[in-house]
Amino acid sequence: MRFTKRIRYRFGDIDDAGIAYYPKLLHCFHCVFEDWWSEALNKPYAQLLHDDKLGLPAVRLEVDFVAPVVYGDEPDVHLGLLRLGDASVEFGFWMTKDTPQRLLNRARIVTVAVDMTTMQKRSLPQHWRERFAAFTLADGEFPAAR
Amino acid sequence: MRFTKRIRYRFGDIDDAGIAYYPKLLHCFHCVFEDWWSEALNKPYAQLLHDDKLGLPAVRLEVDFVAPVVYGDEPDVHLGLLRLGDASVEFGFWMTKDTPQRLLNRARIVTVAVDMTTMQKRSLPQHWRERFAAFTLADGEFPAAR
Amino acid sequence: MRFTKRIRYRFGDIDDAGIAYYPKLLHCFHCVFEDWWSEALNKPYAQLLHDDKLGLPAVRLEVDFVAPVVYGDEPDVHLGLLRLGDASVEFGFWMTKDTPQRLLNRARIVTVAVDMTTMQKRSLPQHWRERFAAFTLADGEFPAAR
Amino acid sequence: MRFTKRIRYRFGDIDDAGIAYYPKLLHCFHCVFEDWWSEALNKPYAQLLHDDKLGLPAVRLEVDFVAPVVYGDEPDVHLGLLRLGDASVEFGFWMTKDTPQRLLNRARIVTVAVDMTTMQKRSLPQHWRERFAAFTLADGEFPAAR
């Protein structure tokens, strides 16, 4: 099961070539990660960090930009799980627009569960492991780059 | 009548003091300005720029930061008109949170209608003048800074 | 005496109108404020915050945008003091380019000295009061908006 | 031969975990790419885009975050060529700090030469091919992630 959120791409997130500046596309993925916590897991990421002292910083990215995002686009951003280790969680993110869906970009983002008090790696709590598992992507659901 | 939109303040829009970096609060105001076009005026700002060749760049800001925004806040952002000239439009923006509403910050932003082909000032079209007028703030609706 | 730093305006800090997105111009002013600490006061702002527990958050902005900044511009950013109170410090910032200098924008930014442990207002230490005073702008040095 | 530039990591580019927000680290790489054009190739990237109608948008990223960047850090950012195809150019970027150098992060960024008039892929001009070749990284110069 994936989590999908439609976003409004912003006026100020454009570069001098007139298309989305790619660091801003990664910012969009992070925003949708935060929305997933709030809307799908019913636990705002701020509470996870502040109250539970648990965070999921990124340690590795692999990103493919397939087609440009322009101002006026309201792409669907999709999030799902690709791999669930003891402490590491690999997410797949991708953006589509139009019907039929056209792929704009995709990212594999590997995160690691961290104790926010010590900033050391820790096992992902069993509670979250179960909740995350529901968002595991089916075979072939994460799109190929080309 | 004001336009109000609740936003989710973002993980990456924090500064090293642990509160909202103020240029990002101005970015939030611009995002809500864009949402006003899409949701209240039913004309995405991108279409206004691209199809109608009309834009509203800011020429002056006056901003008061009353209380900090922190991660986890989901403030209400309010937008209304303070003054409507021939080409210039002065907006009031402010953020509140909690019940009763507590003021976080407020901004007067003067914009000027511009022909996007020439980037020269032009009169605001009558059509938009009428639509904007509905969002004129009542006396005292725009909050005092202290 | 003013502090002046030439900056390279960036590819990704452009908006869909093809000019500088104004929140990014305020970010530029903050960057030059940080450079002033490092290069003119020989105290990186990070050390002031972390070691001395002293910060200078903005409480009020007044900004005039006179001419657009475009990609390729390398404007001079100027910083000086407009007013020095007990806890409050008002800075003037402005950008110019070309010879003779052409004004692009200017900002009055009122900051307040804050104890970073309590986030409460405090008197500006005498040591910094003296160092700041050297950067007081002369009458007429801060440019008129038009 | 690599191009190296020391940067001042910025107050506003921090996230709520108190470390660099990773989309901002990618922004830093792009800034150093622009500095390479201005300072090493003596051709501002803005002129390449505007006058020569040539651009190098990213099509793929692979990034490893090895150690966090914090406010106050002034890392060295290194850029060099990993592979030079007909139209595609793969850059290696990495950040280090301290003596001896400690690796903070690294990125492989694949770009493609594009005609800015049509936004279509084109061969990299021979002139730039030769200038770029001087920045080819030696075997082992691009650091391993761990």
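Going in written order, the chains are labelled A, B, C and D, and every chain counts its residues from 1.
What we mean here is this: a contact is a pair of C-beta atoms (placed from the backbone, for glycine too) under 8 Å apart; a residue touches a chain by one contact, two chains touch by 3 or more.
No experiment lies behind these values; they were computed from the predicted model shown.
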Would you pick out the chains that touch subunit A and also touch subunit B?
-> C, D
Count the residue numbers both subunit C and subunit D use at their shared interface, divide by all numbers used there, and answer same if that is over half, different if under half.
-> same
Would you identify the chain whose Cα-based centre sits farthest away from the centre of subunit A?
-> C
Centre-to-centre distance between subunit C and subunit B (centres being mean Cα positions), rounded to whole Å | 24
With chain centres taken as the means of their Cα atoms, state the distance from subunit C to subunit D in Å.
-> 28
Computed distance of Cα centres, subunit D from subunit B, in Å = 35
Note the residues in subunit D that touch 2 or more other chains, in rising order.
-> 11-12, 16-17, 21, 23-24, 27, 30, 46, 49, 71
Can you list the residues on subunit D that touch subunit A in the complex?
-> 16-17, 19, 21-24, 26-27, 30, 46, 49, 55, 57-65, 68, 116, 119, 145
State the interface residues of subunit B toward subunit D in the complex, per the touch definition above.
-> 11-12, 14-18, 21, 23-24, 71
Where on subunit A does subunit B make contact in their complex?
-> 8, 10-12, 27, 30-31, 34-35, 38, 44-47, 49-50, 71-72
